[in-house]
Amino acid sequence: MTANTHLLTEEALVDLRREFHEYPEPGWREFWTTVHIVEELERLGIDQIHVGGDALDPAERLGVPDQEELSEWYERAASRTDRTDVLERVAGGHTGVVAVVERGEGPTVGLRVDIDALPITESSSENHEPAAAGFRSENEGYMHACGHDSHITFGLGTLQTVIENDFSGTFKVFFQPSEELLGGGKPMATGPHIDDVDYLIGTHVGLDYPTGTVIAGLDEVLAFSRFDVTFTGESAHAGFAPNEGRNAVQALATATNDIFGIPRHRDGSTRVNVGELNSENAANVIADKATAKVEVRGESNELLEYMRESLHRRIDAAAEAHGCEAETELIGEGIREDSDEELVDLVAEIASGVDGVSPVHRRRSAGASEDVTYLMRAVKDNGGRATYVGIGSDSPSGHHTSTFDVDEDCLLIGVSVLSETVLDLLS
Amino acid sequence: MTANTHLLTEEALVDLRREFHEYPEPGWREFWTTVHIVEELERLGIDQIHVGGDALDPAERLGVPDQEELSEWYERAASRTDRTDVLERVAGGHTGVVAVVERGEGPTVGLRVDIDALPITESSSENHEPAAAGFRSENEGYMHACGHDSHITFGLGTLQTVIENDFSGTFKVFFQPSEELLGGGKPMATGPHIDDVDYLIGTHVGLDYPTGTVIAGLDEVLAFSRFDVTFTGESAHAGFAPNEGRNAVQALATATNDIFGIPRHRDGSTRVNVGELNSENAANVIADKATAKVEVRGESNELLEYMRESLHRRIDAAAEAHGCEAETELIGEGIREDSDEELVDLVAEIASGVDGVSPVHRRRSAGASEDVTYLMRAVKDNGGRATYVGIGSDSPSGHHTSTFDVDEDCLLIGVSVLSETVLDLLS
Amino acid sequence: MTANTHLLTEEALVDLRREFHEYPEPGWREFWTTVHIVEELERLGIDQIHVGGDALDPAERLGVPDQEELSEWYERAASRTDRTDVLERVAGGHTGVVAVVERGEGPTVGLRVDIDALPITESSSENHEPAAAGFRSENEGYMHACGHDSHITFGLGTLQTVIENDFSGTFKVFFQPSEELLGGGKPMATGPHIDDVDYLIGTHVGLDYPTGTVIAGLDEVLAFSRFDVTFTGESAHAGFAPNEGRNAVQALATATNDIFGIPRHRDGSTRVNVGELNSENAANVIADKATAKVEVRGESNELLEYMRESLHRRIDAAAEAHGCEAETELIGEGIREDSDEELVDLVAEIASGVDGVSPVHRRRSAGASEDVTYLMRAVKDNGGRATYVGIGSDSPSGHHTSTFDVDEDCLLIGVSVLSETVLDLLS
Amino acid sequence: MTANTHLLTEEALVDLRREFHEYPEPGWREFWTTVHIVEELERLGIDQIHVGGDALDPAERLGVPDQEELSEWYERAASRTDRTDVLERVAGGHTGVVAVVERGEGPTVGLRVDIDALPITESSSENHEPAAAGFRSENEGYMHACGHDSHITFGLGTLQTVIENDFSGTFKVFFQPSEELLGGGKPMATGPHIDDVDYLIGTHVGLDYPTGTVIAGLDEVLAFSRFDVTFTGESAHAGFAPNEGRNAVQALATATNDIFGIPRHRDGSTRVNVGELNSENAANVIADKATAKVEVRGESNELLEYMRESLHRRIDAAAEAHGCEAETELIGEGIREDSDEELVDLVAEIASGVDGVSPVHRRRSAGASEDVTYLMRAVKDNGGRATYVGIGSDSPSGHHTSTFDVDEDCLLIGVSVLSETVLDLLS
């Protein structure tokens, strides 16, 4: 059986992807993005459209920015759309959508795509296609540098294809916010739409696989914790009385060095990063405050625990060395959950028959972290099956870089693989 | 001879100081402050009021913020005053005023006061008088934490006292912007008003001397350089491919540790500080950019040179260690210049006769850096004399801290010492 | 077929292991150890006993200590034995033995065991069996903390068993010096005895597998480089003129921090260690010299190359930061070479039939580095086959710790597995 | 009055100095040095010669090396002299001599000179006079790099001159051991010979003043503490299980960086040094032990206290960061004590009349640390007077460097200034 995808032109997918690419919004701030997904869902005639607090469990959100930050993005989005009805529902960081289509008896299939962007300034080089073709980021300093614009397109394209075909059962698309902050997966997994899902498919574009490659089961997603760290000391005049300060900048520098030096572990891969530093101050003042965003990962929950303990010990000690106090706040987390054999088999089989697909890998390591694992675990805990599918795409440079781009040929491939899998499960 | 100061009430000085305290503005952004100084000068009937580009040499300004930053403070100031005539002249960071009063033949005496504030969040504790008495900073995150609000008051109060008395010659008050950035002294010293000055008096409040103490000659101002440092590397996904980054945060941490470890020097005092760090990024991205504000000081120009060389070597090496590039930009500088014996003698003698003054120190080390030294050197190069006078003030905590405050009793003392000295020189 | 091992009592193996345990000697200093192996070989009536320069290619030795260090160990060994004939041949760091037994036509089988000890002070706790039972290290500060005493025992026990049975072909045992320094494998692999070897078996005890476990093919030995690093600066009086020094200790501290912070690599496991520091100096002198022993490893040669480049960049930059010079000298290296399928199959099958063996793993990752890989590669380059066999042993603590010990039950198991494999290949 | 120094030839002083130069011994190991001083005192016919335990209070000795280290130096000294009678008394680190000459009524004058050498390898360059002229250090790795060979010569030369002249009272020369370790001053100050001293003169050669210069009062000796620091962690195999270690080398590197970064203090000069590092280990073992010799100084006791607190906080925190324990042991200490006005005046006056002396400075800062201050304080506490006299000497390089040397013309100058001062006090 092959899905009828003729109504969906490659051109339409490209347009869709570029619209979202042009207006990247970071986690919990996907205000316009949510509005525009809703508009597209309405265009497709989807009747159940759950937004924000109706799509996930707001109490479980991690890493929601402060009110000032939210307001700034909200205002920007508000000046770009007149859909105040949707805007009202997403205010306060209540982004994300779940679309549901019911067609009688049958299993429930879920597709999860993520929708947020990254705080990376997009390249303006003529060699960078989005710059050359005029759809470079309008939100200076932010960029869809991990392909979530393609993921939204996969979600909408698959939905359109599925509903244009016959099927029996229920199909849900989870447009998840805040994957980059690893803050949106858990609230969706504890939200109201996951419990009846029998089969869940997550998906990611690129990952350094060329266009045409499909990975039926991405595994070994790294378990993950992210922290806001704050060192508090005491300010003093750096020229007049340097000894009277308790230097938060020194504490942070010591901590950073020690954190990057956490030993590798015999049992498997670990990761560590101090990705953001800040101390607003003046050059002639001993800093009384310095903050950082830090994350650790591990191939297993045990490895993550090792990294977390090692991290906390170093942060506390660095503070103590310089007479400061340290506070750490968990702002994002992820777990490891691997793909199910049956779904891997099915996706591998279907992908092999899709035009333009080659090669198909059954399983590969995902390498990085993802919070789709929360949804996968929830489904599996309920007796269902889950897999996390990779859709290859050529790119001039790696994910999370300023010249990342997708080969738009991957869009139709992705939609085909995903929609045919969904339709197979619902046939 | 004693100056007639009866027209100047202590209450008026306190009101003036509190007005300026309530609206602190940092270097080159003293827009409202400049406007309000002009208004006060007009009230006193001063006829020569030179503002901004007429007060100093704009080409020599160091550390002027970018347009966005200037605009933000400009807009804020604009919403607080209707003196658009003055605002127009200060736009673009052209702050500062020189007031001139001529009364026939005689020498020219200059008084230099600085007017800028610091990026420190003022305490809101009830134990902090400005908070308790309702004149805490309106500009959240900024504060007159070094007493420049008192300095402005010294300038205006001295001017009023001087003109209410008889004198022969010329009196100039230099309301200098951007002392904290050490960016305003040099342009005032190369500006149009310094060349004919025969006697220059600089002044500073507090410096950990109690109310009543006067230091006739503050010396040993530390020579000083301030730099913006930028490390540029390459971003990468911290989970997926950490090895592909060139980590600007690691470079900055290594540099910070090495910089604070620059050896002390046998020949005298040195200072070093990394006062501000920044890397806007995400926790899961290897940072491709990290910046810092760094300063070094030395008791002599030779010591400063030693610190500068040591600093640059460490910055370059830290960049290299982590495969990054480093750029450093000089954004502020200061020199050492000591007080002249004759003026020290005069101030010491006059201060001894002022009510409430005790003890009088002839000379003390200033301890920190100051760019009044540029004006002192310019005057001395022209054959004139200069001194830098300290006016003691009790304070609950040190300069550049969030609970710094002056004992307002020092205001009248300062005005008395300064105006009587000026009048003596112009008698 | 089962080898006739009844002539070899477990007690004899235990005695043998304890003799070697009691007198640990580090790499290239295994003087008494070599002598005693020769004595045992003579006792067994082995006719071809190749010692030192006849056993390996002396020109390829890496990390040979200086003459003073060699002499000290040589004198100590000389006072423990009257075999001056053998001592003469090992003088100058020419340790190691190759034993050869020829029995007519047939293939050549090699067994490689390593013989050196570690600079670790052995526990003297009553809970530590060698201390309690009276065979704790006589060479204070040195210890067989990686089980090479058992390896020697495996080599001698297997040789005795093999020659007590019928076989056809040639059997060689390579008693390799200086494995811990990764300096002995390469010279044995380029020496005169490897070229005709058709099957090579390496072996290691313990590796955190309990007694009874056998791993037929230890793989993924990490590629490896070890360096001596020397920072040279300039001394100065730390109190009088600290600025006149160029501080080698600071350079080493910066380098150490940066080295431990080399980023993990997406492609697989890496390792890094600064294992030894030294700066002989006085507390009141700025150090003009500081040395370190540093090593890096990678799961592949490419990963090793990444680590080496990262290491050198950090060392050079740290020197530069503190005005010093850095020199690095390669003193040990290792490569990766995995086990051959046919031999893995054979060992797995034979081990399954040995008394006390369970479970048998076909392949496991070795985790650490080893220079048996040089011999494995040489054999494979000549068209032969090689495997590296793990013999489990309970131990109270990990390898390279002061309370490491083997469960002596593993000795007979090891000899059985190895001798039956050798006899099978030579049958 | 001028002392009769014609019996003392410059040549004799040069010979004496070179003898001691050739055989440098570090603190508490001045075995041959003590023997040879005794021999010289006997030659001069001094009747009271107090050695070792009779010269000072053994219980107050700080930083005495371990028995093995003492024995090594003792054996070396024993092979160079047949004075077993003296050797017996100095065994166990009981070095040092007090020589006493009594001539009837009158005050007691003390001269203190120090006798120990430094662990610095002396230059063997032909440009280095001791190498060129054949009296370079015989004790490789050790050197009289701070001029204590000249100090011994000052002591013996002054003693000879004084006894060749008439005087009335008592003259004592304190040949103090272990000044470089700051371990010998305190036990001499609490020993049996200080209590009746009315005038104490300490002396130092060089200090970057050219030959001919005399400083009548060296002041501002820095207060001082020296520590042995030991980090204890847990070893592990660096390749196999790096996470299982608790890395003492990382702790030491972090501590070193943090220690060098202790902020400068507003109140005056401070110093800090990590002068010696050690971790005997292997490159492939995570270090379980690392040691350092660390010292801090301050211009006042308060500044020293600040440095000590800052040091301990950083050491403890660095241990904690890496899961290690830290121990610190005080092994040397010094205090600040300035010179007395009357003695400064006297020395200045006398020096002005000595041939070859010019200029004479009344007071200068000593810059470094010294434990002569303990003797100075003891004398002053008893109502006496003390000064610390500098004797200039050209030198090709600074103190504590491998090419340090004195201009031997300074020897006669020193003896003249010191002996004439002593004779004046005893006239």
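Just so it is clear, A, B, C and D label the chains in written order, and each chain counts residues from 1 on its own.
Keep in mind that, in the parts below, a contact is a pair of C-beta atoms (placed from the backbone, for glycine too) under 8 Å apart; a residue touches a chain by one contact, two chains touch by 3 or more.
Computed from a prediction, not measured in an experiment: that's the story for all the values here.
For the pair subunit B and subunit D, chains touching both partners: A, C.
Steps from subunit A to subunit D, taking the shortest chain of touch contacts, total 1. Chain centres here are means of the Cα atoms, and by that rule the chain farthest away from subunit D is A.
Centroid to centroid, with C-alpha atoms defining each point, subunit A and subunit C lie 47 Å apart. Separation between the centroids of subunit B and subunit C, computed from CA atoms only, is 66 Å. The set of subunit C residues touching two or more other chains comprises 240-242, 244, 250, 254, 257-258, 260-261, 263-264, 266, 271-272, 286, 367. Against subunit B, the residues of subunit D that register as touching in their complex are 257-258, 260-261, 263-264, 266, 269-272, 367.
Every residue of subunit B that touches subunit A in the complex is listed here, in rising order: 118-120, 141, 146, 180, 207, 222, 224, 226, 234-242, 244, 249-250, 252-254, 256-257, 260, 271-287, 290, 293-295, 297, 332, 367-369, 398-402. By the touch criterion given at the top, residues 240-245, 247, 250, 254, 257-258, 261, 263-267, 286, 306, 313-314, 316-318, 320-323 of subunit D touch subunit A in their complex.
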